[in-house]
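Order as written gives the chain letters A, B, C and D; numbering starts at 1 within each chain.
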Amino acid sequence: MDCTAESVADAMRAVAAVVVEHRDELIRLDREIGDGDHGENMARGFTALVSKLDGNVPSSPGGVLRLAATTLISTVGGAAGPLYGTAFLRAATSVGDVASMDGAVVAAALRAALEGVVARGKAELGDKTMVDALTPAVAAAESVAATGGGVAEVLEAAAEAAELGADSTVPLVARKGRASYLGERSAGHLDPGARSTSLLLRTFAGRAR
Amino acid sequence: MDCTAESVADAMRAVAAVVVEHRDELIRLDREIGDGDHGENMARGFTALVSKLDGNVPSSPGGVLRLAATTLISTVGGAAGPLYGTAFLRAATSVGDVASMDGAVVAAALRAALEGVVARGKAELGDKTMVDALTPAVAAAESVAATGGGVAEVLEAAAEAAELGADSTVPLVARKGRASYLGERSAGHLDPGARSTSLLLRTFAGRAR
Amino acid sequence: MKKIINDPATVVVDALRGMALAHADLLDVQYEPAVVVRADAPVPRKVALISGGGSGHEPLHGGFVGRGMLDAACPGAVFTSPTPDQVAAAVTRTDGGAGALLIVKNYTGDVLNFETAAELAAADGVDVRTVVIDDDVAVKDSLYTAGRRGVGGTVLLEKIVGAAAERGVDLDGCEALARRVISQVRSMGLALTACTVPHAGEPSFTLADDEMELGIGIHGEPGRQRVPVGSAEVLVPALLDPIVEDLPFGEGDRVLLFTNSMGGTPLIELYLAHGIAERLLAERGITVERRLVGPYITSLEMQGMSLTLLKLDDEMVELWDAPVHTPALRWGV
Amino acid sequence: MKKIINDPATVVVDALRGMALAHADLLDVQYEPAVVVRADAPVPRKVALISGGGSGHEPLHGGFVGRGMLDAACPGAVFTSPTPDQVAAAVTRTDGGAGALLIVKNYTGDVLNFETAAELAAADGVDVRTVVIDDDVAVKDSLYTAGRRGVGGTVLLEKIVGAAAERGVDLDGCEALARRVISQVRSMGLALTACTVPHAGEPSFTLADDEMELGIGIHGEPGRQRVPVGSAEVLVPALLDPIVEDLPFGEGDRVLLFTNSMGGTPLIELYLAHGIAERLLAERGITVERRLVGPYITSLEMQGMSLTLLKLDDEMVELWDAPVHTPALRWGV
């Protein structure tokens, strides 16, 4: 498939729909070990992105990613706003102004996104955050890209790894973010940010097929 | 029996015990159509009276009634405080300084008490207040006293009539006191003040036997 | 029942102890009988303003004791009017030779207990007057009830007459002013949840998840009507319309709008409701010149709110703006 | 969920509208992006004090905007930190040429969003400093968590540094003072009931009738420990002892005691708790020189309370007493 600005914008619209659909689930997850706003925050941010995209799609995939970054930063708030915002910003920078992305570009963008999240939030693998979903996703994406995989294969691998990574947060004791205040009581719950990361990647993968 | 200061004081102690025992019932009745304090108010007042009586019983029945009046006025508060206070004050005045009461004196004291409650609270029969218990009690007491009944018979008749009178408040719509704010919704509930009046008279009757 | 208390029987005294420590510069608290007195009482040649009622409505009345407002407050047990000896003690402690004005909310218990106290004080030679405030428009058919209750208007009355007394207005003047405020103030409240009186241990009533009590009093007594909960755009006019239509307030009137929390409703909701009320009044051509927003006359932890509207004139505006220095209201000093 | 609101998505803006109307003399409210600004901003040559955070903690922070306290507050969605563009707009609106101090409560979201805003403002040439307050002793093992949360101490910090900025203390001085307050203030809270975030529609957690959350934050997030509810004599030391032992506060120390309601706990219980806390401090030889009692940093309608203790010196006492004129705190004017 062609991974142009239009198709990235379409993927963002699809993500918005998925986030709205999973809003209550993300709220419930965040209520259990956080403050119950993650679903609302993400829904607000991606809904705002959809209206910005309406009839005004940037000319390159990188432009769409940059618009996602600034929109999420200025509408999401909370921890997720700056973290996802930075992720998309770094991804946009990594993509540059290519007109269409291939598997290697996507894998590099994912790597840049992860580095942005870690730079901002200082979380390590196992701290029970979105990093636990994104880290294996990047690794999987890179290994598929290294063997010449296309965008669809790269994103499929990333989505699959992110799902496993998100699930791996369940037994963990949180050491970053609001859930960390709970100490041992945070174990036994899925991290909402890891869940939203895996939803995003799954949706991107679905659109790439 | 002899209706002396000591026996009136004993009756007051018995009333205190009964009021404490029925505290929660009176609170519940008042919660339904009032503000839920009648049992607490009455228990506080009569408990205070018992400590005042400890080792310091006034020399006449009238004196005990007066002590009850001033104690209730200064400790009960709410509507019941001034109403029961006035009732006992008027009863004390009616009894005067006789050393022992007979049936006629008791009936006259009850009449004075009723007049005091009505003078203070301006309630009429059927307004769903303690007046609905006290009015038939006074009538019954007077008719037994008129045929030469003793204290025990007079109080037994009063207690019986008060119970019926209290029960008669159930279907009524309140027109006085806090229950009146409920309008039609006050119907179907026993008036807490009428209930406490009937408890008082039943206890007095029990001690007089 | 979940409360931060020790023995339900001593809640009022225990709270008074904390209040005395928190506001030692403003208040002098007596315990037997319980009276909250202005620290510099008696103020010579000043009319003494005294109010009181059941506890559980904090900051009313103790929080309004101080310069420019009350000289003393008599706290009864929770939701139970105070006894006459509390009120009589308050008169004795605050009488500066210019007489005393008793501000009584219209409830049978309050009226009867203050009545007895007034007799006691008069017997002591103090010129005592009583005004009874009954601003709750939720009580209809006052011929067949104990009459309208005294609610939110009490706060405004205490502030305005308090300012007049502080300026040296005499007892006749204070009484006349109080009656004028009473004639021009109207209120109504609603409850989303019930409250629990400590000694009762159980809620005063139960409401389903989609119900509210409209026309609630301030004592956890059920309201006039149980209706479905609506959005704020429905709730606010349900309170405001009966108030406006009762006096009535009309186009060109200048008013003070008092948006009050029953205790458990947070400020974010209260501001939201206040904004709607201001908009609705503007639509009616009524000018909101002064406002008070907050939990000032409450029912323990009850969630709900009330609105109070006072028709203003220049004198009342000036008295409202005059300095006040109490635990709960403070400006100009 | 029973709340006096319209659409959960517009609660903050709807409440801001009411706040703007209620305090038009003090506040200037902007909506896109949402910022509550001091009416006379920018004040030339004065350090601009800016804070903000999720909404639902009212009166924090908007209620503390005004003379002698904040220049601007940035209200996020309920329990969600504000976005960088709100903070950047606040800096632009209030910059009087002496730089801006951002007061940030230590939560990942707040820290990250203010960090981004500080970068934006610095790029605009404004001298921006940030202080992060983390006074909640309930969070242990800060190496393994996001660190201690910013809670009640924030109110005291904003008042004291606000007074300094109003007096013309420069940015270095304000920043140093803020760090001194942060180093000397400690807090802890408990919840008897949960609260419900409007957009969530369900309580943040559920507590049995005999349970409380000890060490609760202010965002409806569960506390560190769920324990049985006790009497006030048990609850108050459960908060006070960890605070005193943490700094530690000791005999001879002069302190400000701040007894705060989480929103749903009524004043009568709060005063009761305050009285116990004062007694316990006196027993330890710690002198309570100033106090603040009331709902000043809340969690919507949550029932519960927090205690905050600040070690005072002469300068802090003087700054605490200095005039303040905001919707929620007002004295000396």
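What we mean here is this: contacts are C-beta pairs under 8 Å (C-beta built on N, C-alpha and C of every residue); 3 or more make two chains touch, one makes a residue touch a chain.
None of these values were measured; they are calculated from a predicted model.
Think of each touching pair as a link: the shortest run of links from chain B to chain D has 2 of them. Between chain A and chain D, the centres computed from C-alpha atoms are 32 Å apart.
Distance between chain centres (mean CA atoms), chain A to chain C: 54 Å. One simple way to say how far apart two chains are is to compare their mean CA positions; for chain C and chain D this gives 29 Å.
Looking at chain C, residues 78 sit in touch with two or more other chains.
Of all residues in chain A, none touches two or more other chains. A linear topology is adopted by the chain contact network, the touching chains following one after another without closure.
Every pair of chains meeting the touch criterion is listed here: A-D, B-C, C-D. Chain contact summary for the complex, chain D toward chain C: residues 2-7, 11-12, 14-22, 55-56, 58-59, 63, 78, 192-193, 209, 212, 229, 231-233, 235-236, 259, 263-276, 278, 288, 291, 293, 295, 298, 300-301, 303, 305, 330-333. Contact residues on chain D toward chain A in their complex (touch as defined above): 9, 33, 54, 76-85, 107-109, 112-113, 115-116, 138-141, 144-146, 149, 197, 199-200, 202, 204-205, 217, 219-224. Chain contact summary for the complex, chain A toward chain D: residues 27, 31, 33-37, 40-41, 44, 73-83, 85, 120-121, 174-178, 180-183, 185.
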